[in-house]
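The next part holds the structures, each set out as structure tokens.
Each of the next two complexes has subunit A plus one more chain, namely subunit B in the first and subunit C in the second.
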Partner chain A sequence: MTILDYLAAQGGRLLGLTIEHAILVLVSVTISTIIGVTLGVLTYRTERPRRTALAITGIFLTIPSFALFGLLVAPLGLGATPAVIALVMYGLLPIVRNTITGLRSVDPAIVESAQGMGMGRYRRLLRIELPLAWPIILTGVRVAAVIIVGIAAVAAVVNGPGLGKDIFRALARVGTPTAVPQAVSAVLGIIAIAILIDFFFMIVARLTTSRGIRA
Partner chain B sequence: MALSGQPVADADLNPGALVAGGTDLFRGRRASAMGYLGLPIVLAAVCGILFLWLGTQDLGSIERRSLNFERISTAFVEHMALAFVSTIFVIAIAVPLGVLLTRPAARPIVPPVIAVANIGQAVPSIGVLVILALIWTIGFWPAIVALVAYSILPVLRNTMVGLQQVDQPTIEAARGMGMTKRAVLQKIELPLAVPVILAGVRTALVINVGTATLATFVNAGGLGDIIQGGLVSNRQTVVLAGSVLTAALALFIDHIGGIAETRLSPKGL
Partner chain C sequence: MPDVTTTAASQPTESMISLQDLSKIFPGQPKPAVDSIDMEIPAGEIVILVGPSGCGKTTTMRLINRLIEPTSGRIILEGEDVTKVNPDQLRRRIGYVIQQVGLFPHHTISDNIATVPRMLGWDEKRIRSRVDELLAMVGLDPGTYRDRYPKNLSGGQRQRAGVARALSADPPVMLMDEPFGAIDPITRDRLQNEFLRLQQTIRKTIVFVTHDIDEAIKMGDRIAILREGSKIAQYDTPERILAAPADDFVADFIGAGASLKRLGLTRVRDIELIPWPTAGVDATRTEVLEALRGSDKGAVLILDDQRRPVRWVGGREIQRSDRPLAEIGLPSDAVVQPHATLADALNEMLKSRFGCVAVVDGSGAYMGSVEFGTVSSVIQELRRDARERSRAEADELHAAGAVNA
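So, the complex of A and B:
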């Protein structure tokens, strides 16, 4: 059975799993971005909290995915919940790091002139610092998304959703004619999602970058 | 931490951007004893607590079969063999390849190689493992091939970046002193690139320790065996114990990698 025969027979189901996978990634990246940017904003100005935030999110990313899923299954049980929490944890480091780098790379002279114009701390952050740091933050989110797309395939071991299910099903069917096309098509689906994400972020970067700093 | 890389301002050059600078929670002041021992002490304490907790649990026969010293030490040795053998292959392949790709003659083929490598990064590690198991065989060697394929990029990229960032006037001065191109490469370019290359090797090693956990699905052993055994037999204690041990090992290896990175870099840098 060639991969084309397989796609003809199973295309609809594969599309369903791909959408499931993409939703898992989208939900995880969104939560990760909210937590990560908040952490970055809270810690970028002081040395110790900043180092601690980077070290702890770094530890999350060092823990092997299978082990992290295993650690979360004990308190949370199988299913989508441990999958989303683990993926959120994996996405944090690039987002926190780039938020901190982005905010720290804003020219202090600009921030001071904003202060001189009478802007308060929050308006400075929202109107000046975050917009100037945004392209770097967005890059962090994109890196997080690409990491998460791949690791999401492992979520199937804890009965999580997504294309990983088909990879493990194919493995269980080793030796049958459908095994190889099933695994290959699931991997291709994941690559397709990664490429779409890259494309998506390119457009978002263009639309949301402040006009003054657009290249 | 190793997996994550320099801040990626320029995403197009460095989309995966995984480099060093994070788990070093205890290593702010590098020379201090606390810097070297802080993380190992915490990890040892966590493993000690796990051991004591297991002692208070009422373990059934399944738990006893998966959580005895022999089982765990076998899994540990298998895990280390997978991680280290694959990392040695990665160094043996990626460093020479990186040197070749940074020679002027190779300039036209660099962009396609980078493009392929970047798409390759989107391929999930479990997918590579399973496809190799399906079309080839199960066991140690397909796992090694998958690990190598998955972790080669950081070393290749860091070798190229490390060589490219060597100051051009330094190279010209060496050439002007009459050194051959080969001597410049061996005595000037490679030593100056070593810190960056080592950062890539540390990243690859940490990726390999992590991915080796998945080797259990292709019958190549490792600590993943214990976690998977617990999942299959629905024993949460076993899943938790296996996961804690695996996570502690990965953090420890990353820590050792960080120390090696500092120690092995040439003194002058």
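So, the complex of A and C:
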């Protein structure tokens, strides 16, 4: 059985899984971004909290994905919840790190002049610092998304949604005629999502970055 | 005798900002950065804070808009104690210009200028017309620059935009921290002149920090020379600081060229011009010699039919050559206009080979001359005047029992 035959037969189901996978990634990246940017904003100005945030999110990324999914099953059971939580944890480091780097790279003279003009703390953060740090933060989110697309495949071990299911099924049936096309098509689906995400972030960056700071 | 005009600064005006016993001690530092400064800043004047690096001049300025919170003392702005008011509200009433300009790179020039008016809730129509008015005021064509981003402007243009932004909500007070410090010398000179011209119309109260005494002398109505701990060594008009430094610290800080610096304060129109004998380009030899004989000068200034200087011609040249008057002698290319300073005149004198510079009016017609002797007697006059004035003032203060800080 060739991949084309397989796709012809299973295309509909595969598309469903791909959409599921994409949604899993999207939800995880969104939550990770909210938590990560918040952590970055809260810690970028003071040394100790900053290092703690980076150290902890750094440790998350070093935990093998199989182990982390497994660990989360104990308190949370099977399904989408442990999958999303694990993926959020994997996405945090690049987002927190780039948020901190981005905010710290804003020219202090610009922040000082904003303050000197009577912009308060929140206005300064929302109108000046975050928009200027935005391209760097967005790069962090993109890196997180790419990491998450890959690791999301492993989410199938805790019965999570997505293309991982097909990969595990195929692995369990190695030797049968459909095993290889099944695995390959799932992997191709993941690659397609990764490419789409890259493309998506390119457009978002273009649309959300001021012309004044675009390279 | 040369007549030296006194500046507007010698008439005391109402005080716009008053610093009372103001101190700043940074945690962990043994000595205060600002040690109980008392200072009155008169409305409508440019007051320069100048001193060696680390003397606390920038800290003192930032205490005024409370970018640095004072440890003790009071800040009075327009008669109101602002030491404890909301600092953001306070800062919207005070223009702020820093050396790095600090334009927001992600905002257009017009959005940059509109920052404070937007915070103050002006309507968009009013903001738009204010932005255009300000851009024109600082010499940036609104149509060209309104929608540009800061990265598309030169350093000098950014500095102008920064000044426009500081003026946006028409604050009575502006703080300027080495505003021309990062700009090349030629552009800086132009920006300084433009700014002085602008100040003639806007009449803001300006506190201006610099480390450059020459800039202080050029820009200031009054100069406060600060020593460590922001202690005022002398607070006076540039003329009097140059003529009568309060102590060795001030004298050292001004440097050896004080007399020369004073030439930058006196304008050609303020001194009496010396008439040199003149003759038209088509005058006869006899007429020229006649003119020469009727004066004590060694040369005749040949003027064209518009009375513009052409050549300096001496008696010897007339007798030795029979070429036209416009081709003998020395070219009279050293000319200045009445608004030039004596420093400019001296400079022209040194450039030309003739110890005298011709003064011309706006259309280039000859008015009279400035000689080297005039310049040097002006220096002596200024010196004596100021010395007497500050002695009289010291006596007065002494009589009143006050001690000048």
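We adopt the following convention: the second predicted complex is superposed on the first by the 215 of 215 C-alpha atoms of A that agree within 3 Å, B and C clash if a C-alpha of one lies under 4 Å from a C-alpha of the other, contacts with A are read in each partner's own complex, and residues count from 1 in each chain.
What we mean here is this: a contact is a pair of C-beta atoms (placed from the backbone, for glycine too) under 8 Å apart; a residue touches a chain by one contact, two chains touch by 3 or more.
Computed from a prediction, not measured in an experiment: that's the story for all the values here.
Judged by the touch definition given at the top, the superposed model places A:211 against subunit C, while subunit B stays out of reach. Once the two complexes are overlaid on the shared chain, A:76 sits clear of subunit B and of subunit C alike. Once the two complexes are laid over each other on the shared chain, residue contacts for A:19 go to neither subunit B nor subunit C.
When the two structures are aligned on the shared chain, A:157 is found in touch with subunit B, with no touch to subunit C.
Looking at the shared chain after the overlay, A:180 reaches subunit B, while subunit C stays out of its contact range.
Measured by the number of subunit A residues touched, the leading partner among subunit B and subunit C is B.
Contact with subunit C, but none with subunit B, is seen for A:128 once the two complexes are overlaid on the shared chain.
Using the contact criterion defined above for the overlaid structures, shared-chain residue A:109 touches subunit C, although it does not reach subunit B.
Residues of subunit C that touch subunit A in their complex: 65, 67, 87-92, 96, 98-108, 115-116, 119, 149-151, 162, 165, 175.
Remark: subunit A residues 107, 109-110, 112-120, 123, 128, 131-132, 210-213 touch subunit C in the complex. Chain contact summary for the complex, subunit B toward subunit A: residues 1-4, 7-9, 11, 15-17, 21-25, 28, 119, 121-128, 130-131, 133-135, 206, 209-214, 217-218, 223-224, 227-228, 230-231, 236, 239-240, 242-244, 246-247, 250-251, 254. Here subunit A touches subunit B in the complex through residues 51-52, 54-59, 61-71, 73-74, 93-94, 97-98, 101, 105, 136, 139-140, 142-143, 146, 149-154, 157-158, 164, 167-168, 170-171, 174, 179-180, 183-184, 186-187, 190-191, 194-195, 198, going by the rule given at the top.
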